[in-house]
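Chain nomenclature is as follows: A, B, C, D and E, assigned in order of appearance, with residue numbering initiated at 1 for each chain independently.
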Amino acid sequence: MWLDRIVIVLLAAAAGMAILVTLGIVLSLVFETMQFFEKVPVSDFLFGLKWSPQTAIRADQVGAEGSFGILPLINGTLLISAIAMAVATPLGLTSAVYLSEYSSKSARAWIKPALEILAGIPTVVYGFFAALTLAPFIRMTGGQFGLEIASESALAAGIVMGIMIVPLISSLSDDVINAVPQSLRDASLGLGATQSETIRRVVLPAALPGISGSLLLAASRAIGETMIVLMAAGMAAKLSLNPLDAVTTITVQIVALLTGDQEFDSAKTLSAFALGLFLFVITLCINVVALGIVRKYQEHYD
Amino acid sequence: MENTHIVKKFDKNLDKLKARILEMGELVLHQVEDATAMLGAFDPVEVDRILQLDLTVNGLHKEVHDRAELLITRRQPLAVDLRQTLAPINIAGELERIGDHAKSTAKRGRILCRSSTEETVLEMIRQMSTKVQEMLFDVLIAYTNDDIELAAKVRMQDKEVDTLNKNLVKSVINILDSQASGNSESLIQLTLVSRNFERIGDHACNIARYVHQISTGEDLKASI
Amino acid sequence: MIDLTKKAGFGLDQRHRAEQRFQWAGKLAIATSLLFLLVMVGSIVTDASGVLRQTQIAVDLDLGPENVNPSNPQAASYGRIVKSSLRDMFPEVTRRKDKKRLYNLVSPEGSFEIAAMVTDNPALLGSVQTLWLTASDDLDLFLRGKVDISLPPKQRRISDAEITWIKILEDGGQLRRVANWGFLSSGDSREPEIAGILSALIGSAFSLAVCFALSFPIGIGAAIYLEEFAPANRISDLIEVNINNLAAVPSIVFGLLGLSVFLGVMGLPRSSPLVGGMVLALMTLPTIIIAARAALRSVPPSFKEAALALGASPVQAVFHHVFPVAMPGMLTGAIVGMAQALGETAPLLMIGMVAFIVDIPDSVLEPATALPVQIFLWADSPERAFTEKTAAAIIVLLIFLICMNLIAILLRRKLEQRF
Amino acid sequence: MVDPIISARGVDIFYDTKQALFDVDLDILPNKVTALIGPSGCGKSTFLRAINRMNDLIPSCRVSGSLTIDGQDIYDPAVDVVALRAQVGMVFQKPNPFPKSIFENVAYGLKIHKLSPSKSELQDRVEWSLQNAGLWNEVSDRLDQPGNSLSGGQQQRLCIARAIAVQPKVILMDEPCSALDPIATAVVEDLIDSLRKEYTIVIVTHSMQQAARISQRTAFFHLGTLVEFGDTKTIFTTPKDERTQNYITGRIG
Amino acid sequence: MSIRLTTTAAVALLTVAAPALARDQINIVGSSTVFPFSTTVAERFGKSTNFKTPVVESTGSGGGLKLFCAGVGEKFPDITNASRRIKSSEVERCATNGVKDIVEVMIGFDGIAFANSTQAAQMSLSLRDIFLALAKNVPNGDGTTQPNPYSTWNQVNPELPEVKIEVLGPPPTSGTRDAFAELAMEGGCKSFDWIKALKKSDKPAYKSLCHTLREDGAYIEAGENDNLIVQKLQANSAAFGIFGYSFLEQNSDVVQGSTVNGVAPEFEEIAGGNYPIARSLYFYVKKAHIGMIPGIQEFLGEFTAEDTWGDEGYLADKGLIPLSTSERKVWADKIDALIPLDM
């Protein structure tokens, strides 16, 4: 059985890679973050209501106006992710349900990969689409209803991002739904439930742990997405829940800060690392909570 | 049944059951034959042997019962199998009763030897004995081969035995009426022996019914 | 009495309408997604169509010994020869500024093309030869009607004089449109007319191969461990949370990690597909693990139990019986992850793959770019002709992706079953 | 003579081009337990599933001939399959409670069919079903526990409670005890016997003894044909057809 | 195929421990603004010489300098491009990492255009107009400031049309943005005398006032993709955009540059130093790498050839605004002699 033991150790090492990667990320972020917090107080960063790295162009002014407040970025990140999920969840789930429960095998055989292509289109393309097609369209439509809409809006970016993550949800959920035992469907149909009742009341609840996994993955992707927001949502750091406003996200700021023409040791650039670490911690918290919920649910009905 | 069971042991169990019945039948047949022989020439040792044989028959009866019980428990036989399992219990009962009648006949031989015997009546007894032995033999063959026609024949022969018995009784009454002879005891004993053979015939006939039932599932008791 | 018709009660009308609505919602959802796909791919294809052909211009070149030294043809200034030929064709052009415009009809690549032709066929030397050279992007765009000549001359890239020259050349049969194989067979260039996708394509292929070779086994291994062998303790929980968390880490952070570990600590070469693949592997790992775990979870436990009952060790039971059944689901996860990796730009930025690289890499250690990087760079280039190059590069990327999916679909179809 | 509740005439069932049932004529009498027996693949389950059109789920499945319930053809286009299944319940081989609480499992049919408008009515109905399924005493104090937490036999009775909650006329059972132990089987068999007073039950079983124990009528299927159909007693004591005989006595036919 | 690639990858992983092959091509990093010019030169250099084509990365000026200053050796880039001058703090950082002798090269100018769609009328602006339209706080006439109240151009200057102020420009992290703030905003800002005086008395306040762009939506941070800005302008004819000259030149059919202080953003005007919003572009060479990596000297030669960066050179075709002839001479001499930067 020594061979078995070796295999298990190898597998555990593979799982341990995740820890290693995390450690690496934390280490590569923490050092620079510390430097950043030497220049800007932690409380300003965490509770500041204003994100405006522009005023901090000179060293002697850094943080003077508390312009490294992360809240507007969180606001933007959540707003856009929420819009994206609001678009992608119904689209992705209903697509997955339709594919696995209704569509013929042959239709599924080509629709599923076609949807997966959607996930493979480079985000730059989505960005262009959002910025040049959808945003003006929203602006025009809004104009007809007398709404003043900026040419950049969270809505355009969110919708397009939603489309992008549809295949992530649909493809993974489709697999999960497929794995729900046929006997549960039979039981429900045998009681005279219609197919949609069976799906809504039996299949989906049974597939929920897996589906929530795919949703979590999609949400993660939405939170981590950069290009589309960069191109279509503008970069205005605003505390606003209005989807028609231009907003910016943490990731956009990270990319912009790290690839900009800035000095490499200015608070501006260093703040990118603090943002990265913060995002890391926040998603960690979300995941801990999510794991707890999923686990509780599983214990109940597995 | 040409088809064999998927479970081979089932067939073997049924065969063994059958074999025990046949073994029993053979013993009983001998008992009847030997007891009949005892009527003319009494031999106390032989009588003891016949009486002793009855214990073996009873043992076989019990064995058939046990085997059938086990078979039902293990195989839960249905339809023809069930009948093939249940019938031996009954047949063994019938055979055991036949054995008892043979035993009783043999015992009467002891009494008969003390007095003179009416040769004509004795001849009739022998005739009856031959008949029931024939029936018994035939019914065992019918049972072995699931031969319902042969079984039907046996059932027909029962009437002959009844007739022989009636005739014997009539003859005895005639003798008793005509002469006040001193051998009335032997005559009564012979009547009782005749009665024994008549019962044996009935039992053989019952066995024949079971043979019929095994094959057809039809219970003839009610009809005939 | 039993009534089997709609009148039987049970709120049937309403429920059937709900069923219809539900089905329509499904169709609508798929249609919406496919419509988006169609619109986007459609517009890209339309944009990209211009790349299929390129314009060439016939120039009479004096390759006599006074211009080219036959013993050392590489040393000759072919650019000057082209210029003088153009001047000969249009002797009326005298102003310096106009001359420059004239020279601009031919791509700067022209002189290198002559050099290549001469090397291939030394017989060309010694006399005047008519050779087809690649025309400039402006000329190409004009010929394809992409220049609005109704605008005032100041607002367009092609002046009235140039239009006259082009017309003359066209009438003289000195312009032709040929299939543009160069796009698929050459590397990047700053001149849109000769820029090609091959180096990026190979770079992507190399990176993905490395990425797949690393992330698939590690991801599957981690998933199997967590799903089948991990003890239910805090460490397992930690790993699990970690993996979910990694999926949400912005990709550029993986680039930072790659920069400090792979380049800094391990000293691997910058801009190489090896490092690119490794960074992408880190990035796709969580996706693969999460999907693979879902797939493993959907395998009926009876499979494993049956194997264990036969005396298989837990490892054998998992690898022989659970693993093959979960394979299609794992592949789905891998495809989603690889597709994500294929389209990723940001982390490559940190490890030097967002670069201008002309040479086509022939190992994973040589500098290379990747398809999305090429798209990103071209989309950011001022030259108008790069727009269609961008679109064409996207098409190439999509075809790459479709090929990848195709392989996976074939595998999946072979393996898929419903219990 | 009682009129049959279900009546099949010349029923053929195909999967694609493969014919699974050939010209089946069968009358199922109300308030009787009818057992369908036969070797695997003989078409008994196919026939059972045809009665509440569970076969519809298999796209390649085609039914011809006439299959009527109370004189109405099940496959008539005017027939609503939901209405049919609401009145022809089904219990499956493996207990398959939904991943919901015990209460929700039983209430499921009532809710989808909107049979119990008020909450108290729903509770009464659920209790009634569990009572009738002989499960009430065992679960009354833990109705909010998941259905999966019950033992196998309890789960199957839960599934039966779920089926009878909507008060169907007919209950179809597809080998309901094959996954249960003898005690659980006995309890379920007892339940089936008591349900006979209210419902017509059609049961597919592989256990001859079970069919003999609980059914009044038995149909023997072989290779897609209905070989013999009659009183259970007759079928199991004196079957007419040699194939039946061979099958029930476990002989190589 | 994929199996072979996998094997290649595996083999490559195994050989990681072995020392990397000596680098035989120049490695250039840095500004995305200089990138198009640097790559053009690199390509020509690769094709016309026997050296390998240099690898040019677009990392941003700051990122480029960070890599550049990380150390000396094959692992570190040889040249970095910058759309601004190296800062003294960066020079210090370089020095601590052993990067001592840095040769600075100024290669030309990049004009920053203030443009709108050709569908709309061309605008004629002064720096003060730009400042008043885009600053976060503007003077209110009594020596104090107020949050920018202007929502249309004619409120800024009655001569301008009544069009909503809507300007798409680079984010604060961009060098173009810094240059714009420094040249255009500060230029307009200084035109108020009291602010000019403030420069001497309270420099931070001065900088803050002059450099801070408004955040109420009139100035829209649009990312660094200039093509995208151009296309957005096409879609919205009321909006203005701030982007590099080369994009204006390439897209002259759809966008037009506004004149600033009466000067149009045209080649000759920028080259002549008349157009006020133009910045210098640089690159920096690690002297220690010359001789270590083949071709650096030759590459510098190619870059500073008259055919390359001259008035008629091919970089001018790509949109680089050349230095004046005399300046070119000065810089070319510096490079020939490899005179290190002295700050």
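By definition in this document, a contact is a pair of C-beta atoms (placed from the backbone, for glycine too) under 8 Å apart; a residue touches a chain by one contact, two chains touch by 3 or more.
Keep in mind that this is a model prediction, so the values were computed, not measured.
Chains touching both chain C and chain E: A. The pair of chains sharing the greatest count of C-beta contacts is A-C.
When you average the Cα atoms of each chain and compare centres, the chain farthest from chain B turns out to be E.
The chain closest to the protein's centre is A, with centres computed as averages of CA atoms.
Among the other chains, the CA centroid farthest from that of chain D is the one of E. If you average the CA atoms of chain B and of chain E, the two centres end up 125 Å from each other. Chain A and chain E have Cα centroids separated by 33 Å. With centres defined as mean CA coordinates, chain E is found 80 Å away from chain D. Between chain A and chain C, the centres computed from C-alpha atoms are 24 Å apart. Under the contact definition stated at the top, the residues of chain E that touch 2 or more other chains are 32, 59, 224-225.
Shared contact sites, meaning residues of chain D that touch two or more other chains, fall at 82-84, 86-87, 112-113. Each of residues 128, 181, 192, 194, 197, 258-259 in chain A touches at least two other chains.
Annotation, chain-chain contacts: A-C, A-D, A-E, B-D, C-D, C-E (touch as defined at the top). Across the complex, chain D meets chain B through its residues 208-209, 212, 236-239, 245-246, 248-253. Contacts from chain A toward chain D in the complex involve residues 104, 181, 183-194, 197, 201-202, 205-206, 300-302.
On the side of chain B, the complex with chain D involves touching residues 1, 3-7, 10, 75-83, 216-218.
Taken together, the chain C residues at the contact with chain D in this complex read 1-6, 8-12, 15-16.
Chain contact summary for the complex, chain A toward chain C: residues 1, 3-4, 7-8, 10-19, 21-22, 24-25, 28-29, 90-92, 94-95, 97-99, 102, 109, 111, 113-126, 128-129, 133, 163, 166-168, 170-172, 175-176, 178-179, 181-182, 192, 194-197, 199-200, 210, 213-214, 216-217, 219-221, 223-224, 226-227, 250-251, 254-255, 258-259, 273, 276, 279-280, 283-284, 286-288, 290-291.
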